[in-house]
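Structures are listed in the sections that come next.
In what comes next, chain A is part of two complexes: it sits with chain B in the first one and with chain C in the second one.
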Partner chain A sequence: MYSGLSLRLVLLTYPKGEIKVKKIVATVLLFTFSSSMFAADVITVKGSDTMVILAQRWAEMYMKMNPNVTIQVTGGGSGTGISALINGTTDICNASRPMKPTEKQKLKHRFSSLGVEIKTAKDGIAIYVNEKNPLKELTVQQIKDIYTGKITNWKEVGGIDSRIILYSRENNSGTYVYFKENVLDDEDYSPSCQNMPGTAALVNAISKDPNGVGYGGAAYAKGIREVAIKADANSPALLPIAENVKSGQYPITRFLFMYVKSKPSGAMKEYIDWILSEEGQNIVTKVGYFPLR
Partner chain B sequence: MSQEESADTAAVSVNEQIEQLKLNDESVNEILLDMKSYIDLARKLKFSGYMQTQFQASDGIGGAPYPIGNFAGGNFPANVGSRFQVRRGRLKVQYENDLTFSQYVVQFDITQNGLGIKDAYINIKDPWVRAWNMRMGVFDRPFGFEVAYSSNFRETPERSRMSQTLFPGERELGAMIEFAPEVGDWTNYNLKLGVFNGVLPTANENDNSKDIIGRVGFILPFEEENIAFDGGVSIYQGSVRSNSKFIYSFNDAQSQFTVDSTVTNAGKQYDRQYIGIDAQLIYDMPSLGGASLRCEYNFGTQPGTSSSNSFYNPSTIQTLDIAGNKTKSTIETTNLYQRHFYGLYISMLQNIGTKHQVVLRYDVLDPNSEIDGSEIGAAGKLTTLGDLKFSTIGAGYIYHLDDNVKFVFYYEKVENETVNGTVAATSSLSQYTKDVNDNVFTFRMQYRFPW
Partner chain C sequence: MKKRFRLSEFLAEKLITATAFMSFTFIVLIFIFVFRETLPIFSAPDEIAATEELGEQETYGNIVLTDAERAVEEKQNKSIAAEEGVTAKNLAGDRWQPISGKPKYGLLPLIIGSLKVSLIAVLLAAPIGILAALFTAAFAPKWAKEALKPMIEILAGFPSVVIGFFALVVLATFIQDFFGLEYRLNAFVGGVALSLAVIPIIFTISEDAISAVPKSLTEASLALGATKWQTALKVVLPAATPGIFASVILGVGRAFGETMIVLMATGNAALTSADPFEPVRTMSATIGAEMAEVVFGETHYNVLFLIGSILFLFTFTLNAIAEIFVRQRLMKKFSGN
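Showing the complex of A and B:
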């Protein structure tokens, strides 16, 4: 109704004989502005698979309390979420790694904005093995040597005499990037790594493979066994439990992020503020991750 | 059948079904493994592209004694005041091997005029610190901001007159090293330095001299405030070979061109040297959207011809006769003119939400900064069309329908320097005693698919 009215007003405003192009431009401008003025409170969230369950729980709880707000959550990986933020197809991007300089540059080009980073939770990256695997602990250096292909048999790290089967994530995964940069010191994964599309698929594969090893968010470690990690040979072996991750003692600890294009306002700001509130952070704990405070 | 027998039969049947399921599982795994090799290939091979179709209208008619739209997508043909065009039809194919850090890139441009090659290069990243790239082939010249700023993102339909004049086609054949670290303390600094043929994008080399182009850039982010200040300094150190013995240099004291006609001038190299400074301020307007203020200022020495201030390209100029002279009829248009120029643009972009953008741009190119318009065309000055300063002010609105489609409405008002009133009526400058009708309105639709 509004758009129709604006069209009629424009046609009446211009006297006969004026350039038609002006009429068309003005009409399109009014139509597009008017259509965007009545947008409902729909917030789209896309990105990290590690965070997808957490993001769904947040959204469900928030929508219950605020029925006028709709929050649509999808996964796809941190890289996919960041691309969606740059394309303008998501309002919030979930990422289990920080944005890269090249990604920030693209956001700058499209929206003239640096993006706003919000830390929402902490996570300890767990190292999973099959429950039949007797191995109890690994050092960070041993993990690096395993994933870069320098160690290929479990007996080299105190396990049984059997070949190590490596499972990893796809390169659009934030966990893949974080693990590469922080555990492998930016060295390459061994070419023998089998890349899985999501953490659930990776966990499933290891549960069927007695020689398998994988990594992922602590919340996913169900049906398989986590290995205790030592920062170095002389450090204590720690599991990714709340006490160790929150204190920062667990050696592979990271933040889980949300990114938005510019400083949030309106419904989006209220939603993010709620996530960072005690209520939102309680959900972090329930899902299996670790709150910020 | 007894209960025991029927229980045995049921157990056998369940076992058979389990075996069958295991077999099915293995066969599905085999199929998945086979498919995985194709999926891995598909992940390495990336296709992207965009198409820009447009309607343009001018207040002048093509075929007038002066060009219309020559910096707005190409000259309007004779008797044409409006037109439809497929301005760009890009298709980029990229193959990336993560293990060897190598990249193959080829980009085609498909328009109503046919098929052309825009990019064709190999890029190799250093496998140790991952900060250095080596690139060879046809790719953007590493100078300033606008040249390498993709037309896919650019808010104005075309680059400024300055960038189009100094870097026609934007790309060049050459090799380049780039320092652009992704992690560590140096992520806010970058360097590009390359060696190029110094001719047109896909043209063959025409002399034995190579041109050096480079840019040192910085990024200053103030993330708390969502403000960034980026910038850089660029150089172009090159030369062109003159086919002619007639070299025109501007004598500042006399405020006119003087001619050097020493026979040995033909075949000599003449400077093509630019220095550029660019800066971009990016800031977030609360509740409105991001905004950018961009500017670039270039100056230097440009070897041109009498009729053009684009660089002197011997490949496109008529061959000399045996004495090193051109035929008399072509002397005025093919001899080498050395001019000191400056050019700049300032643009302001404001996002309104995620779908709307407004843009304003002002650009200037003074190809001969040593002479004023009132002197151009006066007797004895030997000045030509190539000395004329132009400024353009443009305003536009961009609407992003979705992540694929955007509409651009852009109007540009082109102003030329007015020349001396005594200019001969037969001179090509005679049209420019007043501002000519060469303003252009563009309505563009763009469709892009993921990059």
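Showing the complex of A and C:
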């Protein structure tokens, strides 16, 4: 009766939902083209949850200045965005990681183009602990040992004597992949990692868990504390603040990307140029990430 | 009187016939779809497409990188080179690490997770649901009955995302403080939240089953001098057993298939331990969390559909068992043959 229903819905809605959105966008496009001479441009943006707030701010500001352009922003994770780009359901894909070779290959099969990469901003991945945790700094190696399950007590890294509770993102997150491959050197996360659906949920969990540790974009770090990171035992401990991230000194720094199918033109080119302009980059700072320059 | 042919009636009849069979067709189609997407796992592994030389990807925006920045970029690029695309030989393993240089698709922790949470939910919901049903059907005054039944049934229509959010924010903290737990989100929190969704199902069907016990049985018992309690416990409840059993089975099915509540409240760590206070990752939550991300046709995608098939078969079997119990046992019992 009720039992199978939720499952069926999950299985059904994904592909169908995509088609529907496409149809709606198409209808909107048709409608606007036929009904007015001043055709409105619709740009769909999808991908990284880390970038979703940033992308929304960009879109809001840009639409305010260019009322004839409509920009629709959705999140879902970098993997989701790249899949959408490959499946042709989004114009621009936000990603907090580079495209994988397999993904480029798929894009080439579909559109005979490898896609175009646009660096839009920089981000330092912060390591969060609860406010009450006295821990000040960690080395990258220690973070790796904590997340692969070799270190299980805060005592071992100079903290209080209690178990470390690991929080991670779900595996559709670009941050999950980036962290795994850059910090964990592609080793698997400890199975006791709790996977949270979204950075907001993760931050919420750590703010309520005195023994918790988590990672995520520096922009989200409100209400909890960031730990200073050392590249190795002898290097200085750095916080993910503007000068450290912008210079690339902070050990867990990454680029935030946009991907499009082919060299941008028309309304999309104008939009991307605006993002890379000073005005667009100012918004990056306001949201809490770091501009390219 | 001779029957007159009425077009509207004829059409209406055909229309409802069509609708009835439409849902049937849909279910069959979904069945076929889910199983078809599962199949590639069992066929011979595809030759992994030869890693053709792709060449440089175009970039846009004129940024000249500094050395430190180039190091950042290189590191980010190098890390991504790890290839995916492995066959699913390790389905019986105890590690669920689908995004990995060597993906591990062990279903064991997910199956254990689903069973654990469902068990906790049903152990909590069954006594509450059945006792509430017994009260409503056998003891409650008429006004209470008229108020209780619809109210509890409304609970069944409660959006599961609301229950899940409540569990994530309020219930988890409460349970952690109360039991002094290490993990804030765990199977027990998920089970408690899930029981809120299961209680209405067990209640409604049990209540129907208890109400369906013929008045003659109750009256005979009371006439022989049994008290109200003795009648309820020794006569009414045993007579309604098949229906109650069916309600519990359907409750298990609901708990097993529920996605949103467990996704939010259980911590989603794929562990195989039996400890009810450790986080778990259920099959449904895995589909819910990962389906949106996979590239269509990949091994990971097929494995998620395999999980879907397992869930489907499980709930289908449970529904069938429940149906048999209600239809055949209960009806036979009361029809007097």
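The rule is short, and it goes like this: the second predicted complex is superposed on the first by the 253 of 293 C-alpha atoms of A that agree within 3 Å, B and C clash if a C-alpha of one lies under 4 Å from a C-alpha of the other, contacts with A are read in each partner's own complex, and residues count from 1 in each chain.
Methods note: contacts are C-beta pairs under 8 Å (C-beta built on N, C-alpha and C of every residue); 3 or more make two chains touch, one makes a residue touch a chain.
Being a predicted model, the structure only gives us computed values, none of them experimental.
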(request) Using the superposition on chain A described above, determine whether A:Thr89 touches chain B (first), chain C (second), both, or neither. (result) first
Between chain B and chain C, more residues of chain A are touched by C
State whether A:Glu181 touches chain B only (first), chain C only (second), both chains, or neither.
both
- Message: Under the stated touch criterion, which partner chain does A:Phe111 make contact with: chain B (first), chain C (second), both, or neither?
- Response: first
Inset, instruction - Answer with first, second, both or neither: which of chain B and chain C does A:Lys261 touch in the superposed model? - result: first
**Message:** So in the superposed three-chain picture, is A:Val42 touching just chain B, just chain C, both, or none of them (first/second/both/neither)?
**Reply:** neither
Q. Touching A:Thr102 in the superposition: chain B (first), chain C (second), both, neither?
A. both
Report task. For A:Ile160, select first, second, both or neither according to whether it touches chain B, chain C, the two together, or no partner. Result -> neither
After superposition on chain A, the chain A residues reached by both chain B and chain C are 83, 87, 100-102, 104, 108, 114, 116-117, 170-171, 181, 186, 188, 191, 263
Touching chain A in the complex, chain C uses residues 30, 33-34, 49, 51-52, 54-61, 63, 66, 68-69, 71-73, 75-77, 79-85, 95-101, 104, 109, 156, 160, 168-169, 172-173, 182-185, 201, 250, 253-254, 256-260, 263-264, 267-271, 278-279, 281, 284, 287-296, 305, 308, 311-312, 315-316, 318-319
In the complex, chain A touches chain C at residues 1-8, 10-12, 14, 76-77, 79-80, 83, 86-87, 97-106, 108, 114-120, 122, 163, 165, 170-172, 176-178, 180-182, 186, 188-189, 191-197, 201, 204-205, 208-209, 211-212, 247-249, 253-255, 260, 263-264, 272, 276, 292-293
Listed in rising order, the residues of chain A that touch chain B in the complex are 21, 25, 28-29, 32-33, 36, 83, 87-89, 100-102, 104, 108-114, 116-117, 170-171, 181, 186, 188, 191, 261-263, 265
Residue set of chain B touching chain A in the complex reads 43, 57, 98-99, 127, 130, 149-150, 153, 180, 182-183, 187, 219, 221, 223, 226-228, 230, 282-284, 286-287, 289-292, 349-351, 353-356, 397, 399-400, 402-403, 407, 409, 441, 443, 450
